[in-house]
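Worksheet: the structure to be examined is printed underneath.
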Amino acid sequence: MAIALPRTRVTGAAPRGVAPGLAVTYLSLIVLLPMAALAWQTQKGGWSTFVDAVTAPDAAAALKLTLAAALIVAAINAIFGTLIAWVLVRDEFHGKAVVNSLIDLPFALPTIVAGLTLLTLYGPDSPIGLNVTYTRTAVVLALLFETLPFVIRSVQPVLHELDRDMEDAAASLGARGPVIFRRIILPNLLPAVVSGMALAFARAIGEFGSVVMISGNVPFSTEVASVHIFSQVSSDYEAGAAALSVVLLAISLTVLISLSLIQRWSSKHDR
Amino acid sequence: MIARLTLRFVALGYLGALLLVPVGIIVWHTFSGGLGPVWDAITAPEAVNALKLTLEIALVAVPLNTAFGILAALILVRTNMPGKALLSALVDLPFAVSPVVIGFTLILVYGQNGWFGAWFVDHGYPVIFSTPGMVLATIFVSLPFVAREVVPVLREIGTEQEQAAATLGATPLQTFRRITLPAIRWGVVYGVVLTTARAIGEYGAVAVVSGKVIGQTQTLTLRVQQSYENFDHAGAYAAALELAVIALATLFLMNLLHPRKDG
Amino acid sequence: MAISVQNVCKRFGDFVALEDIALEVPAGSLTALLGPSGSGKSTLLRVIAGLEKADSGDVFIGDIHATPLPAHRRDVGFVFQHYAAFKHMTVAKNIAFGLEIRKRPRAEVAERVDELIKLVQLEGFGDRYPSQLSGGQRQRMALARALAVEPEVLLLDEPFGALDARVRTELRAWLRRLHDEMHVTTVFVTHDQEEAMEVADTVVVMNRGRIVQEGNPQEVYDHPADEFVMHFMGHVNLIGDAYVRPHDVEIRVEPNGTTSPAVVRRVLRLGAQVRVELVVDGGEPVAAALSRDEADRLPLEPGEPVFVRPRRERRFAEPEAEPAKA
């Protein structure tokens, strides 16, 4: 009974006194201040500077490549991520536990090491004779590596919790394997797949370390947005860097905020 | 059965081509000349300096972010402070920002032409192209981990144990130290592991604010890239190996602390 | 030590949890706060403990004005429904917690913990963790933990609510004995009227944030202040505008001047007691409770016509109820 009531908390480990102020100050200094500087820098030149900077041919090309690559990567992740999650949950084979724990490797491995790793296997000295450096394939490859865990780690728990009785019920009603997958399993996995895709997309939009070595950074060809910002900063073109930064930030925030809104909506819907 | 084997083959094949073979190759590549050159590359003064700087940065960033993360989680879960939603969004923000953009915004604040850059330079503490800037960048990128790990644990344990401690005479600080902290300790440790891994492995944000003066502001990740560009492949692979070992240790700890049941 | 609650009000948003509560709990008594979900009984207990701040009003514990004191300075023992066991500590450490907070010498703590472990019959469990105990054992540990610091006042929030029926009965009797030995002023919250009547000296019935009646269990049962208390204290038939308890329904084979004809619907033999469902003339269902001997003397088969009359009834439209004449 008492559990349902909202409580005014007067005990427990609620921070009080100066503690909350300390946390807010820290956050302001570390996160808010730099973000404010970005906003200030962007508005300084006015709207036309912003539009010019974003529509400059090299910037626009970088942005387009980034978006296209991120979309492709999200799509590939949706398919292979779901498939790998499926194999990890429903299949049994030796070494599964090890494979399962290695899925997080891209999160643990520094991006630059990931870049060097891919460069070693798929670069000019490739032991298998496959050289993708300086191509857009390299960009996609690097992004695939970095975003591998998102869909898998999002789908896995859902698949694990999925009520097998539903599948048995469908089978007892005459549905065959592919039909069960399409009509029973997939609809249940879809929210997790989409959420994994969104996270992968947001990550891919801003990725830098793994791409920078293998893509060659050729303007109008293999230069992604973050690399373009980097070169603009290096040449002290702050207005351009600021404009592109704001665009990147806006895209990933939009994706992540929509995702959390959808999740909130669907969790309400489930009850 | 055939369908199942096909699926398994495709899944493992994809993982192999993307993950396992490349990582295997790098180990093989590093040691292809034998152990001697690797040892020489790791113990070269520049390499040692890079490792030292990397660890120093982590040693500042990780404790600060741990303290902040625990405090932020307590505020988010245990108080009714107004503006909590905003606080939560700001804690998560670093996940949504490209590392390059993070570095760039720090230049806007502390760079030569930035808000406070000139002031710091005048007083003899340049931030950008120097260690403090790299520390700030590292703190920024690794900020959310502890809070994100501790928040669900705090929710899970609830407030009853803390209330019980209060009725037994424990002050809020005693309650925190003796009840709350032990209850969230594994969440904190997990968060610290992730924070440390990120702090050691960050490249983009640090690359933007570092001066790229070799040996002076070179971390391990910067060394990988710079050595490679300068055709010092042995140096690049040695640094990458050090980082990979740290990553594998991280992975090991992650699995030790959060064994996944869904595998 | 006595507890005095004066004019306490508490709201959660629009919900009025406590409305102008005044309550005097005499020193050394055992009081039950009884009421349905949402009646405010737990909130009142938490206000006394300092776990909840009242919007207005005062709490005195003994001579101490406790209102401004935070929970950790009130020296009350509190037992939670779900035990609130410190999961990372052993049973002994749980019990020792309050003493360690008070920085008592180590030898004294150890001695006191031993004593309490014996008192709550957890010998041999001192080194176990709460996860290795049953619900009843955990609650006894929680009780020992609360008693360790020798509180002036012991507060229990639905202490047996999460336990199964058999353990609950055992612990009730045990709590009663414990209180008789220790004489610590005890207030416990329950929604179970049987539990309240079995354990407490004084029953305080609450409804919708107010105290509707207080008195000893027999008084409250026999002379309920209103229809709510009448209903809450046990099953009751409403015949016309009169309330009749099942055990006050008399079943006869022959009519006399005061009886009404009825038909037996169902007979439930529950060990020593027999419950009979009847339908009175007008179609009203009536439940009667008889002893086995009584029931054996009557032809109680479904469909059998009988005659019923209330031995004792209660009307709330009138100021005072009178027992029906025999």
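Every chain is named by a letter (A, B and C) in the order it is written, and numbering of its residues begins at 1.
One rule holds for everything that comes next: contacts are C-beta pairs under 8 Å (C-beta built on N, C-alpha and C of every residue); 3 or more make two chains touch, one makes a residue touch a chain.
Quantities reported herein were computed from a predicted structural model and do not represent experimental measurements.
Peer 1: Farthest from chain A in C-alpha centre terms, which chain would that be?
Peer 2: Taking each chain's C-alpha mean as its centre, the farthest from chain A is C.
Peer 1: Using the touch rule stated at the top, which two chains are linked by the largest number of C-beta contacts?
Peer 2: Result: the chain pair A-B has the most contacts.
Peer 1: Per the centroid of Cα atoms for each chain, what is the distance between chain B and chain C, given in Å?
Peer 2: 54
Peer 1: Find the geometric centre of each of chain A and chain B from their Cα atoms only, then give the gap between the two centres in Å, rounded to an integer.
Peer 2: Once rounded, the distance between the two centres reads 17 Å.
Peer 1: When you check chain C against every other chain, which residues touch at least two of them?
Peer 2: 50-51, 70-72, in rising order.
Peer 1: Residues of chain B that contact two or more other chains, please.
Peer 2: Only 163, 166, 172, 175, 179 qualify.
Peer 1: At least two other chains touched by the same residue of chain A: list those residues.
Peer 2: Where chain A meets two or more other chains at a single residue, that happens at 7-8, 11.
Peer 1: In the complex formed with chain B, which residues of chain C make contact?
Peer 2: Residues in contact with chain B: 49-51, 70-78, 80, 82, 84-88, 97-98, 101-102, 142, 145-146, 149.
Peer 1: Could you pull out which chain B residues touch chain C in their complex?
Peer 2: 160-161, 163-172, 174-175, 178-179, 182-183
Peer 1: Which residues of chain A touch chain B in the complex?
Peer 2: Touch list, chain A to chain B: 7-9, 11-16, 19-20, 22-24, 26-27, 30-35, 37-38, 40-41, 80, 83-84, 86-89, 91, 93, 96-97, 99-113, 115-122, 127, 141, 144-145, 148, 156-157, 159-160, 177, 202, 205-209, 212-213, 225-227, 229-230, 233, 238, 241-242, 245, 248-249, 252-253, 256.
Peer 1: With touch defined as at the start, can you tell me which chain B residues reach chain A in the complex?
Peer 2: Counting only chain B, the residues touching chain A are 3-4, 7-8, 10-12, 14-15, 18-23, 25-26, 29, 64, 68, 71-72, 74-75, 78-81, 87, 90-109, 113-115, 136, 139-140, 143, 159, 162-163, 166, 172, 175-176, 179-180, 197, 200-204, 207-208, 220-221, 224-225, 228, 236-237, 240, 243-244, 247-248, 250-251, 254-255, 260-263.
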